[in-house]
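Going in written order, the chains are labelled A, B, C and D, and every chain counts its residues from 1.
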Amino acid sequence: MIQFNYIAAFFLIVLGFYTIVTKYNLVKTVIGMSVMDYGVNLLIITIGYTPGGTAPIFTAGELTQASYFVDPIPQALTLTSIVIGACVTAMSMSLVIRLHESYGTLDTREIRRLRG
Amino acid sequence: MTANIFLNGLQYLGYILIFPGFLFCFVCGMLLTGIDRKLVARMQKRVGPPILQPFYDFFKLCGKETIVPAAASRTTFLMAPLVGLAALVVIQLFIPIHGFSAFSGMADIIVILYLLLIPALAAILGAAASGSPYAGVGLSREMVTIISCELPLVLILLAVAKTVGNAMGTGLCFSMSDIADYQVQHGSLITRLSMIPAAIAFAMVIPGETGSHPFDTAEAETEICEGMHAEYSGAPLAAFKLSHAIKVLTLTSLFVALFFGGIGTGLVALDGVIVFALCVIATALFISFVHAVTARLKIEQVFKYYWTVVSGLALVSLVLAWYGM
Amino acid sequence: MFQKLIAESTAKSPWLFHINSGSCNGCDIELVAILTPRYDVERLGFKLAGSPRQADIVVVTGPVTKQSLNRVLSTISQVPEPRCIVTMGSCPQSGNVFKGSYSVCAPLSQYVHVDVDIAGCAPKPEAIIDGLAKATKILKEKRGRM
Amino acid sequence: MNLANMTDYHHFPIYAIMVLFLGAFVVSVAGAKPSGNLKNPAGARAWIALCATGLSLFFLVMLIKPVMLEGEIIAYWMGSRAIAGGYAIGIALEVDALSLFFALLIATAVFVSAIYSIRYMVHDDCVPQYYVLYCLLAGGVLGLVLSGDIFNMFVMVEILTFAAVALTAFRTKVYGALEAAFKYLVVGCMGSTAILTGTIMLYAQYHTLNLAQLASLIPGTLNNATKLAFAFLYIGFSTKAFIVPFHPLAADAHGAAPASISVLISGVLTKSGIYGIIRLTYFLFQTMNLGSMQFMLVFIGSVSMFVCVTMALAQHDFKRLLAYHSISQIGYVLAAVGLSTSLGISAGLYHAMNHTLFKGLLFLAAGAVLHETGTTDLGKLGGLSKKMPHTTALFLIGAFSISGVPPFNGFASKWMIYQASYQKAVETNNIGFLAVTIIALVTSTLTLASFVKVSQSVFFGQLPREYENVKEVPFGMRLAMGILAVLCILTGIFPNTVTGVLTQPAAKAVADVGEYITAMGFKSNLPVPEVSFVQVGVWEPINWLLILCIALLALTIVAVAGKYDRVSENEGEQVETKYQLFYGGEKNVYSQVGGGDLFWGFKHNWRHYFDFMHDLHSGIVNDYALWAVVALALAIVYMMIVL
């Protein structure tokens, strides 16, 4: 079952790349970036996941040899990654708004003053 | 001890000021230019100026008024010729003459390649500082000529480094004095198959570097009013003329030091030096010959010529050197 | 001694700058003729300079038209001292056949001091060389006075 | 915790990072007062930022003795959470000579740029935010190079990318600033995602994020997943270094950002990418003994240096031109580092340092021009040397340095790179490395050409009438440029000292991976390598300079005796005809040979190439994203084949 997660994660990443490369709308580009982020998050969570494991929350003395829990580090990493993803989205959306103000369009093919 | 240091210092000062420094450069460079002018005139069935004509020109210019245009940047405009001249004389000190060089082991061939840029750069900055659009066109052409000559020169020098390195068993040799010593011991490099195309290519580079026909687009006095020197008059112009003369000497002696070093019968003590001098004069005559029989090229033709024909020759040489021929 | 050397050299290396102030090109061609193998003034050290900044002798041809007057004067002023101004052909000296025309300002000598006049329409190369040789003497004198 | 404990130098790396983040925080709270009341509202904040960067530099300089000279590797566990059960649990900082070398570069550039910012930013609004982002950027880069933990490296990459994007768009009114920021954000974000993906794939395999431990585990256990991770990480750090094919972003971002930020993006951000690539190839995967990896780095380096220098020749904007040059110089660094010889690494790092110094200087000079004239368009400027003599002199020092004119620092390092590549070619009997030498030498001349173009069209030539009233920039800005100029000269004329103290220890650290692993407390059986820095060439800048000075002195004496300096000049307001430029007698008009077509003779022969390149750099963000994806795909395929 867990293979589907990996496939889905890489599918999302590739879908994000696809969106960024082929869509000429700035907002869609931002969506592509978010999709890419979610793919990575899914990948991280999947890596830490162990079938049947419990949450990695223990108090002193409770932890025994038989304890079976998911890897906590990827979860921490995911949190960081989600925060960063949100920041990226916020920042890029704010840039999109300003770009729309000054260029009057959201088409990437027209936003190319800097070239050559 | 102190006396020793003093004497050494005096000796080095002598190197810088007299031989092979300023005085030598001044006299020999001017004479080479004079010979060039005379020879070209003779080839055009003219009487031509006296051989000492460059000296007259130099001293006349020293006595002329120096005008600094209002649009020029004074310091750069006046300092550029001096810096260029000094830098050029210093290069001459590094070039070994039959195994003798005033300051050996201080700069290798790649460094000399870069030191050769300094006089050209000084001339370019001086021209830019004059503010004249003619000078602007001139410096643009000069820079393109430098770019053109750079690729063949690089290839030639790398080929020489590889050939001498192979022969010495070190694989690589950048040091100018080692190259000279090697030639004194084992005969000149031109006798090797791989060095013949390089020598031809270098001989073709000299007119470009010195701005002689057919590559004198940068100075083209008939189209762009002397180009880079359009606003120069008096002593700074004299310094530029002198730099040009010394550059001819430097490049020809570099050519001889790289490819014709070590020729000599060993019968007379100064034999090698005399042969060296004769080689320099012969090379200068060759340049004059090219000067007399060609017409000025356009700048893009200069570039094309150097990056195809001359670089091709140099590349052949490099490949041959790489495979040890 | 050094001053003497410079003065001697000045006489031996005069560089020409040629200004055409509306000439019919007759004089211009004659001026170029003196550089040819037959007359070869380079043996006397003469050379055509590309820019007035490098010149010693300014050779003016043509009747100094109104259009060119200011240009001629400003170019002459840009030649560094010591300099020598030579008019060549009859036009800049008198106006020649153009004299009296509304658009001609000749003679040039009313605007600047002219050192040598080479007469003729157009002057023979021998005459030009003679005039230029006189100009070099004047040049040497001027250098001596500096 | 007592004072003696706190002043132990093992704490200094974390101090150096935290003082910048703390500075960012303090700057943002210091903005409580309404800014209109103060005469110079930005002043206090600027000084806070300056103090933070200065302190950070101080802490790092204090580390030179133990780390560089005595060869200690500082392994620092945050909160003293060291290794447990053979696995690194805590977050670690690991400072070896390589990290410290880059950290010193970064701290110097950041400090100088902070000095410059004080006067440079006075005309801008939102200055508090500027300094917050400035400190975040500096802290991010410093954290990246000092970190001993790969996930921390990712976090720092994100911090610096955000700060850099925000600062690129800081002057929203600047032509193209928003656009540049957006492009940079999109491709930078793809790069960051690649880094995170690579990191997490490594974690899945080895269950650790510690660099040293990864370095001890990975070699010898390469499978397809690790190769994939390697490709992802490599592309991620490439986007940070802006090497080909990510160079258009650098051109956009450097050109649009304020000059003080361009210094950081060009001199600092690109270095962090190079640092990442070195850590990745030499330490984590230890693949640099493979000829194919050397080929890859050297190839990409050579392509970067040549493509970017030709792109720079075609530019019309001062800062955009500099931006392309900075990637060209990064190409030198990458090619030299990719040679995988001690001399090559040392030369590459030396060039990285020099690049930070001279490119910083050039960007600051460009900023000075922008500050005074309001434009950086090469076609509109000219003749500023009469109005801004100091800036011109400083610019020329930078220009000579970057174009490799002896005795400035660019020459010394480039010269070492030539030797290193040629030696490598001879040792391996591989003619490909010889091509690198040739490309590097030709690129150097083209660099000179484009700086001749800049000096002709900005500082020399004629002054356009609208810039008659331009003044020299304030002292603070000149001071910042002066510091960099002095460093450029010093590092140029003492190449042996500089390489001995800074780059050779760093190169040794790169060679000695085993020490890096054991210093952190992990086992390594890597042998201690032999390092030699023997050079075939000779170059003694001090003696040369001495001879040149004597020659120049002799000439000057002759010239003064001959009344060389008694020139005739125009006096008074009105320019007499005598002192006007010669236009064939025409009236004096403004006429300048424009920068764009200055090297027509060269460009004409290459016109098809230039047209092609111009079309290729289309400016559409999708295209650049496509390049990134293609580069990623190629990297994956290449790694799968050769590793």
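Heads up, the rule we're going with is that a contact is a pair of C-beta atoms (placed from the backbone, for glycine too) under 8 Å apart; a residue touches a chain by one contact, two chains touch by 3 or more.
Everything numeric in this text was worked out from a predicted model, so none of it was measured.
Among the remaining chains, those touching chain A and also chain B are D. Taking the mean Cα position of each chain as its centre, C sits at the greatest distance from chain D. Distances from each chain's CA mean to the overall CA mean are smallest for chain D.
Of all chain pairs, the one linked by the largest number of contacting C-beta pairs is B-D. Separating the CA-averaged centres of chain A and chain C is a span of 83 Å. Centre-to-centre spacing of chain B and chain D amounts to 36 Å, using the average Cα coordinate of each chain.
With centres defined as mean CA coordinates, chain D is found 30 Å away from chain A. Those residues of chain C in touch with two or more other chains are numbered 51, 53, 78, 80.
Along chain B, residues 62, 65-67, 134, 225, 230-231, 234 each make contact with two or more other chains.
Counting partner chains per residue, chain A shows two or more touched chains at no residue at all.
Checking each pair of chains for touch leaves A-D, B-C, B-D, C-D.
Chain C makes touch with chain B in their complex at residues 3, 5-10, 12-13, 37, 40, 42-45, 48-51, 53-54, 56, 78, 80-82, 143, 146. If you check the complex, the residues on chain A that touch chain D are 13, 16-17, 20-24, 26, 29, 33, 36-37, 40, 43-44, 47, 71, 73-74, 77, 80-81, 84, 87-88, 91-92, 95-96, 98-99, 102-103, 108-109, 111-116.
Within the complex formed with chain C, the residues of chain B that make contact are 37, 41, 44-50, 53, 55-60, 62-67, 134, 220-222, 224-227, 229-234, 237.
Across the complex, chain C meets chain D through its residues 19, 51-53, 68, 70-75, 77-78, 80. Listing the residues of chain B that touch chain D in their complex gives 13, 16-17, 21-22, 62, 65-71, 73-76, 78, 82-83, 85-87, 89-90, 93, 103, 105-108, 110-111, 113-115, 117-118, 121, 124-125, 128-134, 136-137, 139-141, 143-144, 146-147, 150-151, 154-155, 158, 161-162, 165, 170-175, 217, 225, 230-231, 234-236, 298-300, 302-304, 307, 318-319, 322.
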